[in-house]
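You will see chain A twice below: alongside chain B first, and alongside chain C after that.
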Partner chain A sequence: MEEKTWKNPTIAWIDRRMPVFTMMHHDLVDYPTPRNLNYWWNFGSLAGIALTIMIVSGIVLAMNYVPHVDHAFESVERIMRDVNYGWLMRYLHMNGASFFFIVVYIHIFRGLYYGSYKPPRELLWMIGVIILLAMMATAFMGYVLPWGQMSFWGAKVITNLFSAIPLVGESIVTWLWGGFAVDQPTLNRFFSLHYLLPFVIFGLVFLHLVALHTSKSNNPLGIDVKGPQDTIPFTPYYTIKDAFGLGVFLIAYLGFVFFAPDFFGEPDNYIKANPMQTPPHIVPEWYFLPFYAILRAMTFEIWFITAKLGGVILMFGSVLILLALPWLDRSPVRSGRFRPIFKIFFWLFVVDCVLLGMVGARPPEGVWVMIGQAATAFYFAFFIIILPLLSVLERPRPLPASINTAVTRSGAGAPAMGAAE
Partner chain B sequence: MATTATPPEHADEEDTRRDFLLIATGTLTAVGVGLAAWPFIDTLNPARDTLAVATTGVDLSPVEVGQAITVVWQGKPVFIRHRTEKEISEARSVPMDVLVDPQMDQDRVQKPEWLVQIGVCTHLGCIPLGQKPSDPKGDYGGWFCPCHGSHYDTAGRIRRGPAPKNLEIPPYDYVEESRILIG
Partner chain C sequence: MSMFVRAFVVATAVVLGPVVIGPTAHASEAPQPPAQNWSFDGFFGTFDRASAHRGFTVYKQICSSCHAMELVAYRNLADLGFSAEQITAIAEAGEVEDGPNDEGDMFMRPAMAADRFVSPFPNEQASRAANNGAYPPDLSLITKARLGGANYIYAVLTGYKEEPPHGVELMPGMYYNEYFAGHQIAMAPPLADGAVDFEDGTEATVSQMAHDVTTFLAWTAEPRMEERKRLGVKVLLFLIVFTGLLYALKRKIWQDVH
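After this line comes the complex of A and B, so read on.
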């Protein structure tokens, strides 16, 4: 790390004793970033901003929310009607959850397409998967807090997943509930954990960034940075690009907050929880629909595994398999740009995930059961069969000699050009 | 080779133009952040349902001469004392120049026999004693704050001790002959 001298004496005094300013300068200003990052690389910083918006709006909401089965629903309505700008805080938080997932899903698909999980970034990727899991837990518990019909029955259905575990399942469910039904103890602990987990995520994001700044950013070409000619400093080039992306993101996000705040929500959640009556059609929030479809795809037993247990295994497996991705895809070429067959399967995988989402939104009847099973089969086949086979069978296109030669005119004119060999 | 990526040389005109852009962008950002922060700050202000219960009605008829009652208004105690002739004349005979916070007794009441004031010591917010018959009333027959020893007279004016001001008078009106609405 090169020594930075600070002109401001106060900053210099602090920095000599605790080099936070030097670290910030190193990681946010001088930080060498590949010069060819496209707009798909905006979504990491957007995810960080979404997390911040969720934490800030959530802290304000928690000041007015009452985690009690008799008051939770009413306290949310009070936030909407009586608390100054309470409607804004709640709509920011509700839609913020959706946009956080939109941003993170795009971020994940970007990593998938450009091979950002491959060496040396395996751990960076795995921390990201853990962040996704923590986000899912946080979002699920947060959705329970307003104590509407969907909150209650979502909580009941999802916690009941654990009853599929042989022998100890029922005990685990009772332990999760803190009783014999989803009730006051459940709501109270979900509130506690919903407040805790975002800060755990914040810590995980910090580790994600430590890992990122150790191996440095991947890039659309997927080739390593070979020298200073391949990089540009993060500030001003990527700070301004991230800021522009943030502006576009905020227009879309706030567009929903102000003009279609209930677009992503379920009307049934404006009915107070009634433990005696299940709504006719329970669906999770949209960001869980693909996983919900995978859960329901299992309609038959395999040996001793019941359909219920099988569905639960597949659902958790669909996220956990991402942890193994760096070892399932052994192709040495990172970027999908140079992998003609992978590219086709990647887009099929994207379509498959959207299809699973559509299946998850519909009642498990008729042709949708079959479609859900086929889409689930393809989901796992992509990871377990297609990627390992492509690692061996696919012949990648030749890689450019360096980022600089591929993306700059002066670089392309230089004799180092080696892409056409 | 790498020269294309470095910014143009800093000519003087270039500097002023860039300075203008930086200052303009910075100012707009600061205004935007300020506007965005306001809703978050304003949520901490009293909500509409809190404001809606901001008035308290009190029926004075059961309170005999010499008695005092304490009612709650906006979460604070309000002292209402039905003063005796002696207390009123004591309060009105005090010369202004001995008062810490000079104020006529006539300016502190709407009807001389009813003294209505917020029962929160103006020093650091304790509740002075003097409402119950058994309470110490301080050296001036009014109220005595046990926290730091402030003495208030029969008009609720500070006479001795660290408190800087007289007990505060809440806004109130007689809605009937013996009924007031505070707030």
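After this line comes the complex of A and C, so read on.
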């Protein structure tokens, strides 16, 4: 690393003893970034910003929220009505959850398409999967806090899943609840954990970035950086590109916050939780719908595995299988641009996830049960059968010689580039 | 734009699709409530004050005899333009328990501006006992707590049919309503032409009263809506201009790279 000299004497004094400014300069300014990143690469920094917005708005909300079964619902409404700009903080947080998931899902699909999970980025990818799991836990527990009908019944349905575990299931559920029903102890601990987990995610994001800055960014061509001609410094090029992307993101996000704040929500959650009255249709928030569909796809038992336990295994498996992705897809070519058959299956997989979401939103009746089962089968087949087979059977297109030759004017007309688009 | 981009845009639209389409599948048993023209709709929507005032009259004289509204305080009526004297007069009509006093006794006193709307029944059991076993829900958030929102509330208030269609057997004490899920509703038709006298001389037809009380209920559900939209317009206008500038800057900075 080249020694950076600081003009400001205070900064120089600190930096000599603790080189935080040199580190920041190294990772945020000089950081060599492939020159060909497209806008799909904006979603990583957007996810970091979404996390920050969630933590800040959440801390403010926690100053006014009361984690008590008799007061939680009313305290949220007090935030909406009597706290200065409370409505804004609440809507930012509520819609922020949806937009955090939108951004992260796009970020994950981008990684999938361009093979960002392949060597040397396996650990980077796996930390990302752990972040997704932590996000899901955080979102689930946060949704319980307003103590509306869907909060309560969602908590009940999801915690009850653990009762499917043989022998110890019932005890685990009692342990999770802190009693024999979803009640005050449950709400209290969910609040505690909902406040804790975002900081765990923050730490995981830091590890994600350490891993990223070690192996460096992948790029749309999926080929390695061959030298300085292939990269540009992060600042000013990607700081301005990310800033522009942030502007577009904020227009969409705040558009919902200010003009359709309840678009992503369920009307039932504006009814206070009533343990004596089950809502006609218990549905999770939209970002859990595909997993909910996978959970309900198991309608039959296999040997000693009950339908419920099978559904739970499949649901957790659908996320955990992502951890094994670097070893399921062994194709040496990263980018989907050069993998004609993978490209088709990638889009089928995207459609499959959307289809699972549609199934999850509906009551498990009639033809939707079958569709849900077929879509679940394809979901797992994509990872367990299709990707390993393609690693062997597919003939990738020839890769360009370097990023520079493929994307700059001097290199335009290189045959591989024409084939890619 | 590459095929990737286009396909992804389509995919995102489809992802968001089920959020909109999903719930309508549940409500298939009752028809979709027709969309009404609301003063609070749209980017610049505000609560029509005259309509909300009339709606408060309807709520006060009809709805509040069975339905509670525990999240709204009398002082909130100032948002709709009620004067301090009017609010005090409205509040004093209700009684709340207070205390203990210096002797240690609880006592009843007239409600004040700072109190929440006084509920017609002390608890759910009392409410059910007086209403044939049915529980009239709290109305504070009702337009947010029902699919279809204000349109649904209006549709239910105006959706009663004197005779159920052929072949539909009503349970005792139930009424037929076109828009209520399952069509059997325990609430008797609450509105009848001329049921209230409006101070401003507006004719109190069923549809007029339903429209006005729904406007009032939309306000109780989200009294900060006007503030939200006002701020939103400013924020979005700023962001659109600022993002445009960022884009121009991005083009400028990147021109030597391409």
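A few comments on the model shown:
Methods note: the second predicted complex is superposed on the first by the 410 of 421 C-alpha atoms of A that agree within 3 Å, B and C clash if a C-alpha of one lies under 4 Å from a C-alpha of the other, contacts with A are read in each partner's own complex, and residues count from 1 in each chain.
In the analysis below, a contact is a pair of C-beta atoms (placed from the backbone, for glycine too) under 8 Å apart; a residue touches a chain by one contact, two chains touch by 3 or more.
Just so it is clear, the structure is predicted and the values come from calculations on it, not from any experiment.
Contacts of A:Leu88 after superposition: both chain B and chain C are touched. In the superposition on chain A, A:Ile165 makes contact with neither chain B nor chain C. Of the two partners chain B and chain C, it is C that touches the larger number of chain A residues. When the two complexes are overlaid on their common chain A, residue A:Val60 makes contact with chain B while staying clear of chain C.
Of the two partner chains, neither chain B nor chain C is touched by A:Val157. Of the two partner chains placed by superposition, only chain C is touched by A:Gly255; chain B is not. Of the two partner chains placed around the shared chain by superposition, chain B and chain C are both touched by A:Arg35.
After overlaying the two complexes on the shared chain, residue contacts for A:Gln229 are found with chain B alone; chain C is out of touch.
Shared contact residues of chain A, touching chain B in one structure and chain C in the other: 35, 81, 88, 232, 408-409. Interface residues of chain B facing chain A in the complex, by the touch rule stated above, are 1-5, 39-40, 42-45, 47-50. If you check the complex, the residues on chain C that touch chain A are 2, 4-5, 7-8, 11-12, 14-15, 17-19, 21-23, 25-26, 43, 71, 76, 137, 140-141, 144-147, 149, 181, 221-224, 227-229, 231-233, 235-236, 239-240, 242-243, 246-247, 249-250, 253-254, 257-258. Every residue of chain A that touches chain B in the complex is listed here, in rising order: 35, 56-57, 60, 63-64, 78, 81-86, 88-89, 228-229, 232, 404, 408-411, 414. By the touch criterion stated above, chain A contacts chain C in their complex at residues 35, 39-40, 74, 77, 80-81, 87-88, 91, 102, 105-106, 109, 113, 232, 236-237, 240-241, 243-244, 247-248, 250-251, 254-255, 257-259, 261-264, 266-268, 270-271, 280-281, 283, 286, 289, 347, 350-351, 353-354, 357-358, 360-363, 408-409, 421.
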